[in-house]
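I've put the structures underneath this note.
Each of the two complexes below includes chain A, the first together with chain B, the second together with chain C.
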Partner chain A sequence: MVTKTDETQLNRLENQVDNGGGGAWEYLCLVKKLKVRRPEKVLKHGLSILNDPKKRSSLGPDEWTLYEQVSIAAMDCQCLDVAKDCIKVLQKKFPESKRVGRLEAILLEAKGLWAEAEKAYSGLLEDNPLDQVLHKRRVSIAKAQGDYSGAIDLLNKYLEIFMADHDAWRELAEIYISLQMYKQAAFCYEELILSQPTVPLHHLAYADVLYTLGGLENLQTAKKYYASTIDLTGGKNTRALFGLCLCTSAIAQLTKGRNKEDKEGPELQSLAAAALEKDYKQRAPGKLPLLASALRSLKIS
Partner chain B sequence: MGELRYEISQDAYIKLVLHAQKHKAAAVNGVLIGRVSPRNDDVVEVTDSVPLFHSHLGLLPNLEISLILIEEHYSAQGLFIVGYFHANERYDDAELNGVAKNIGDHICRYFPQAAVLLLDSKKLEALPKKIDQRPVMQLYIRDASKNWKLVGSDSGSRLVTKEPAANTLLLDYITTEKWQGIVDFNDHLDDLSKDWLNPELFK
Partner chain C sequence: MAEDLVLDTAIRDWVLIPLSVVMVLIGILRYFVSKLMRSSQVPDPKIVKEGQVILRARNLRAGANFIPAKSFRARRVYFSNEENGLLYVPKGQAQNPQAQMFSDPNMAMDMMKKNLSMIIPQTLTFAWVNFFFSGFVAAKIPFPLTQRFRSMLQNGIDLSTVDVSYVSSRSWYFLNLFGLRGLFSLILGEENATDDTQRMMQMSGFGFDPSKSLGAEKDGLDILQHEWALPKFEQRAETVLRNLVR
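On to the complex of A and B.
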């Protein structure tokens, strides 16, 4: 999960390096820090440093981490020869290393040799039962083979031990969503909200899942979480604003003909609609008429 | 009534594949825009497409908003949402999953002749080695019991690109990384100034 400021900075740096303005090492470090996936760029710019002996030696001990980073990017781009070469260099420098052993196992994955990779990870896990990366690679193997129930199983077992791993909770939620197991996805987001209550994206995702589940109670809760997202993001989150309008509309549909006490006031929806109109006016004025008629179709008489 | 055929314009076709190229590690989807051909009731002309999402495809709120906005825009031109495009996350996954079927069903409620197109990664990969004029997509149509059925591996003439050289152009765009410029609904919701109509893409 990357903030907008981080992403802007990353893209700016990427542009700079792409156009020959230097800063490759800075870029590579930022990619690593933010844990984003940009394999083609990492491969290109990483290799430009590694293939230049002067640049390479100026890295000092960081040279080895760069080999690791580039080998993983190479595997992501299916440039397996490059990956093998990088791993060979690391093997020479660190002959008994478990970290290099891990890379070798990932290479097996990249080649699609699932059984061998699984064996390698199990072996490594015997000596390092608490290595989180190893556990998670096993989930990737299951996922890559389309064994979603296996991946879910492994992730759940993993989370029993490492329950503070937010990335794992999010991955599990996404797998559940892709399988349309919305109740289970909701549970994951509840865990995330409990442990990171001020991260708006969890509130937003939870609201989205509840809306998808449907039913009056879920819609009412979803509305609350869209509202909390808007609160946490200072009203800047377009999806939450839209979500709020959708919820109000759906709730009104469901409570048609009920007592006045059950009905909700229109203030929240009007505020959200006004905020959306303001945003569109500023950033996408050409789409304003579209927005206006969409919002009209969501208002209930 | 004869068998339904779908004719997809080059721009609509390429846009969808480029979107999938931009997000290689994810499942992506999009909608097909068009109408029944005024000259032939059995032909659905797909004149445009809108890339939708590259994450959380199975969630309703963003889908609903996107469909409302897209419909509003195109109905002014006498065009409708006539189908759905889906590309699976994994290369060797050639199944149409629940999310795709549900969205397809929803679109059928408003346009009964709607089709679902699934990206065929293997066909796409084979293109550079041997150019083929057939679209790199599988065609799914609903049968009488409302189940989505794959239309013969040689859907042959039931799904065609309007311009025969569409794949050649597609390959060219892939080589020149034209997919960098594609904007989908996800991108628009993150930054309203990004236009999901992609007006500058093919200029």
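On to the complex of A and C.
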């Protein structure tokens, strides 16, 4: 997790490095520690260190991890030649290393040679069947080829062992959604809410899935999760506000004619609508009529 | 009485300093030997999975109130049913670690390697100290101590009349054995220090049983009362929005 202080420090360092103030190595270390994705900057500043023999040798053994970091950043930027050079240097230094083997496989994948990459990954997995990165790379190959059901199979197999890996659950949920398998996606989002109960994005996504599924019970649940998102974000999330309005009107439509159990519903909706109006007035006054008509159509139906 | 004992400087030169130097050298040697013999441990998939199951079950227990009752019940059954629940460990099947150790030669080998690098040099140096330096009064600490420290500082000298601030050679060996850790972490780097005391603790606490923690998680899940927290959130959202709109 990247905390606020980490982020400000990172931005400060980035600014300093960009303006030629030095501290490139510290910046690269921080990027690696926080696992943030800044490939262009890493590539630029990492190469500037690596191309300077004096700076490079002053790193000592950290030189090699820098090669690794730069090669991955280079692949991220599609500078495959740079990545290849970096990996070649590493290969020379550590001929038998699995870690370098992994980089080579990733390079194959970056070139789009799926079959070769797949073969390299499965070879590496035989030696170390519990390497999480390798499993994830295989999923990404399947996904890159458009083989979504294959990706789902691989992810499920991975999650059978590493079932506390919430990033994998999120990936699975997104794949399910893209295949319109909402029930499965809902399960994944429940899992995400369990592992990180205070992240509003999971609540929001879960509510979206439930709303899409439809049905009175799901709609009521969705409304509750939209409400929790509003609570967790302090009412700043526009999508959650819209979702709440939509849910309330959909519930009202379904329960029309029946006696209403949900008494506080309309009030929450009007509050959400008011919050939306206020937000639009502040940030996009030009779109106010659009919002008004949308809300009106919701209330009428 | 204490003034009567004068320590020969030869004792300092030939007992105290050699003993300390040898202890340091042996510690460093042992570090490198154990580094040579260390085999990269391949973690057992089953153990990894058990750890992950426990983590996920703990998440479920902590966040149960954030998911609908139906979802919670489905998960609880998944974890703790008595046919193939993840947390359910059939009676009798729970492996006892001792048996597991004997059935897995790799594990026994590992233990032996660890012990070899620890016990052999220790016994050898102890024998060496005992043989050459037994009964020496090797040093004097510059402050008086109470009688309680006698067993710690005068191991190997059975005289109750000697002042406690004199240290026998065997005790000096023990002080070195347990006290050089800071020096090792300076020489060999922070984490590489060969820490005997900690290793001994590990040895005694070896009987860790994963099936027990699985059972504990299962019990925790079984007695959990599910109380959906989300209806409360609706009211909280209402107050949040009220404050926002105002």
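Brief remarks on what is shown
Going forward, the second predicted complex is superposed on the first by the 220 of 301 C-alpha atoms of A that agree within 3 Å, B and C clash if a C-alpha of one lies under 4 Å from a C-alpha of the other, contacts with A are read in each partner's own complex, and residues count from 1 in each chain.
Quick note on the criterion: contacts are C-beta pairs under 8 Å (C-beta built on N, C-alpha and C of every residue); 3 or more make two chains touch, one makes a residue touch a chain.
Predicted model only: the values in this text are computed from it and were never measured.
For the composite obtained by superposing both complexes on chain A, the positions of chain B and chain C are free of clash and fit together. After overlaying the two complexes on the shared chain, residue contacts for A:A284 are found with chain B alone; chain C is out of touch.
When the two structures are aligned on the shared chain, A:K183 is found in touch with neither chain B nor chain C.
Once chain A of one complex is fitted onto chain A of the other, the partner contacts of A:K119 are absent, as it touches neither chain B nor chain C.
Of the two partner chains placed around the shared chain by superposition, chain B is the only one that A:A144 touches, whereas chain C remains out of contact.
By the touch criterion defined above, A:K88 reaches neither chain B nor chain C.
Shared-chain residue A:S293: touches chain B; no touch with chain C. Applying the stated contact rule after C-alpha superposition, one finds that A:K157 touches neither chain B nor chain C.
Of the two partner chains placed by superposition, only chain C is touched by A:A227; chain B is not.
Of the two partner chains placed by superposition, A:K98 touches none, neither chain B nor chain C. Put simply, the nearest alpha carbons of chain B and chain C end up 16 Å apart when the two models share chain A. The touching residues of chain C, counted against chain A in their complex, run 42-43, 45, 48-49, 52-53, 55-56, 59-60, 62-64, 66-68, 71, 75, 230-231, 233-238, 240-242, 244-245.
Those residues of chain A that touch chain B in the complex are listed here as 4, 37, 144, 146, 174, 177-180, 182, 205, 207-209, 211-212, 238-239, 242-243, 246, 279-280, 282-284, 286-287, 290-291, 293-294, 297-298. Interface of chain A with chain C (complex): residues 128-130, 160-165, 187, 190-191, 193-195, 197, 221, 223-225, 227-228, 230-231, 234-235, 244, 264, 267-268, 271-272, 274-275, 278. On chain B, the positions that touch chain A within their shared complex are 25, 27, 55-62, 64-65, 68-69, 72-73, 89-90, 92-93, 97-99, 102, 188-193, 195.
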